[in-house]
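To start, I am sharing the structure in question, which I have written as structure tokens.
Going in written order, the chains are labelled A, B, C and D, and every chain counts its residues from 1.
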């Protein structure tokens, strides 16, 4: 067996703790030798789990001589600075999504990664969900034929606090970005154009700072397929995560995972379970498999399954979506990339 | 096109009216030239539908010189007498189930039918339900392999009045008899043995006259398969009609037909439709196809799809079931047939 | 009981024959006293079913002194002329969809209908499908809350011949028009804007005459809801007719009706039935209920459930959709109506 | 937080390794300080996972002064001897099912446990499956009303080798025993009578040593409910684990868990996933929750959720089932218990 990969974790918020626990309990091929966070309580969490060294300075993790790979779970503005620093230290990098909200920063990160010959993997965890992997396999193995129509439904059970929304970067870069990545992943082709209809139907007050909570997004792909995503920040029945791909040979759809497989009938009707409540429940295994993929790609020296280009395109689609909403017109993704002189 | 089959209908109760309406509206190859019933209101119903001649005497139907086929929907005790008389008049016969509650009477009817070279078809309408036909086709086409286990769930939404139950012949000959026929039809083999566990869990008072309302019936078949039927007179959620066949190559199950195909989610859960309420709704098309089969077998001179032997076996299994319940032991169907010196 | 409504049928093609058969076999409150078609074979069909008078001249039907209601199933260009003539003769009118492909003609028909005090009902049969009716009831009874997102999937099993497509009026007025009506019906609000992405992915040659076979259509409603329709002329697995409404209190979706309710498992996987093949199977009962509604609204003197305004809006949305496709921009429905100086 | 429970594991076969891994990775409240097995390779497995002490002698585990609780995963004949010895050492005991195949031995174990004031929990893992727990809650909370009919389907994907079957104790004590426990758990009442129909339909050769591979088992409960279990050693489509409870207020059924939630349609039909392959996949979480329950009941000094009485009854039903099969008659569970002079 290969020797254990030495990792360091930056940021021990909700997602950081998931990754830390997964590393410790479920990744026999890796170990965590250092972790950083600004909060003492988060550091205590890491210590409790057995992390031998903790620090309030992320650069202690990045510069640690034994660390081979860094897991970046800090707030978004730090993703690129830490990525660049880690690359310069020849560390492999796993970074939470989005890599950044600007094209320029993403390109800078990509350059640092390439120049230093390290691997960068982005935390698009949904690509590691069994349902979606199996749909992708069907497309790849030509069971669907030429893809014609992609439908993604992605609805959260409840919006984050308005305070969070103000700094979230907007629904497209905060929430829909997962769906943009999923769309590219399932169809296996780049997005050419974006068109958005959206509104603040749940919390009208968020329109003040230019955000919305309900959106229908039309994507056109280079291979001719047309995609449509519908997003809502509030589905009272839970986390609604479905998709469907339709093509010349047939159709496949991934339904929600549910809390149980019971069917109950009484004189009021038939009753079935709700979808799993939110992303922690729905993507519990996907988070684990995602991280495992990162470790595997380092151990086996294979390409990162979700790389800087994937981050670039997801963010570019997000920016195009925002522009489409604001200007009420179709926006080419190229416009966004060209604006950044690529 | 063949000329229209001239039919007469005896008995215009609930089932008789279904058959009459189906003959008039849905059987372009048949016409009803006479109908009988003891109730003036029922005769008015027939007249309204355009039946040219009505009578209170069933023998007017049987003896009518132009009638080629008789539809018998009278109470059970009249089934065999009318069948015998109709056979002697060289009329083809469609008779509601059960043909009779005694083996001797059924054999007498069978003899009359054979001696006179007419066709007899029994109204086991469920054999003409699309779901069950398709399961049977899977078994016949060896998609299930050797049948090992058959499961039938057959539950009514509500019991008939106790007054009716007293004269019903008991749950096995009144209700389960459909399931006995279905079991033979699906498995394609004769039933050897019957074992019953049952109780009056809904209306304990019916035990006084030896009846029950809840039963689990185990059947063993000549081909080695084992079957189990569960019956209840009262499923508060509606008419529950499902079956499943399991064999060496796989399994097939027929689920209920429902009032719609909606799925609704709110913060109380997921909601789906109930099964179609009762047999009129569930087997509406089956009743039509059943009667059409009868007309077709006459027009094309093909064998009756459900003949006297089918009636004999269903009743014999019913009698065996009652004996098993009373004597708390396994009863061979042969015992029942031998008792009648066959 | 009210006396039978005397009707005349114009046009005995595929749909005309469905309506004729339904009138004869399933509408005890109506009778057909005359029918017209240009084909002798179609007239023979009517005679065979017992229609007492047939003619090759539609005006014989319109002008027949005893006819109270006309069923117009002729090719689309004749819909408005016959409607106007029938209205002038004080006949009630049932007309197949679309009423016309121009706003002007529809307004002319509406005026004639209003001026003469007769009823006009359009054959949007899907409004009479149990699944969709039940979804509408949920919306109406506030089980869904404020509607936020509507999704309609409407895919045909196979495209008509290219020859037909050339004269079809295009996918939006030929096929999607049903979905436009359904969208207004389910949401209960008018459509404000239309945006289309579409392509000829199945038969690229139809682009030559400006048609497409695959479309994603975004609709915005006056009540704030956003709708998305996806259409394909060719779903190899059958007629795919689903919809979903999502709102502040929950979600409801109508799944396809299928050929049976079987589930089969073998070592290759689990197998379930395909959707009912095409519109004749899927909407058999809806066609009947649709026509019955027309007769009822005359007998009871209640408003037509689908009137000229519904026809106007469906056509206007269709024209807007075509304009959106051609000009690659959002089109307001008002633009279309204003162009016609309403 | 309470201090960690010190445990020792006896037997590191397939199930033993599951429990060991769960203890190490998923039970923060417990630690494994010693493990035993006769195979060096199994001991190496334990060492690899970090167990500090391993031995080939089970009594080293039982007698270890620091061990507070013993996990017994040895072959069945050792269950009772180890249980008795562990009880005498005042150790709490988790023991795999069945506790034993004779009533006498089970009673001896129960006595030792009671005399020494320790807790004994049996590994009926299915009681800790979310689906079945939720069905039980529905029954307990009177959502089903009085239970009338219980149906359990329990089919393995493939039989063990014939060599194993010879020493397995027969289908009832090896396989159906889980279903007997489940039946008691769901219905919440004791089984009074057992009746079995079974055969060796898959491997006729196993009849030689008195075993079967296909069974239908009827149970009657003290509360009046009737249960039916169907078992097969070979369901080619995978591990089929369903149940349904029907009562005066309605019905609830637990469907299989599947490998994914995809639905795919092509021109061959609709395709869905198979059930999870076998017990390791199906009950992965249940195994974990089961063990966690044991640790919790010790830490909180609450009663064992599955105690010696549960083991006694499951085995007694199994013996009754075998007797019913051999003697082709109904067998009262009391007969079995009385034979052992309880």
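Going forward, contacts are C-beta pairs under 8 Å (C-beta built on N, C-alpha and C of every residue); 3 or more make two chains touch, one makes a residue touch a chain.
Predicted model only: the values in this text are computed from it and were never measured.
Chain centres here are C-alpha means, and the one lying farthest from chain A is B.
Interface comparison, C-D versus B-C: the higher count of C-beta contacts falls to B-C.
Taking the options A-B, B-C or A-C in turn, the interface that duplicates A-D in more than half of its contact pairs by residue number is B-C. Each chain gets one centre point, the mean of its Cα atoms, and the points for chain C and chain D are 59 Å apart. Taking each chain's centre as the mean of its C-alpha atoms, chain B lies 42 Å from chain D.
A straight line joining the Cα centres of chain B and chain C is 40 Å long.
Residue positions of chain D with contacts to 2 or more other chains are 236-237, 249-251, 263, 265-267.
Remark: chain D residues 25-26, 130-131, 134-135, 138, 143, 249-257, 259-267 touch chain A in the complex.
Of all residues in chain C, those touching chain A in their complex are 146, 148-149, 151, 153, 155, 193, 195, 197-199, 201-202, 214-216, 218, 220, 224, 226-228, 230, 232, 234-237, 240, 246, 248-251, 328-330.
On the chain C side of its complex with chain D, the touching residues are 236-238, 258, 263, 265-267, 269-275.
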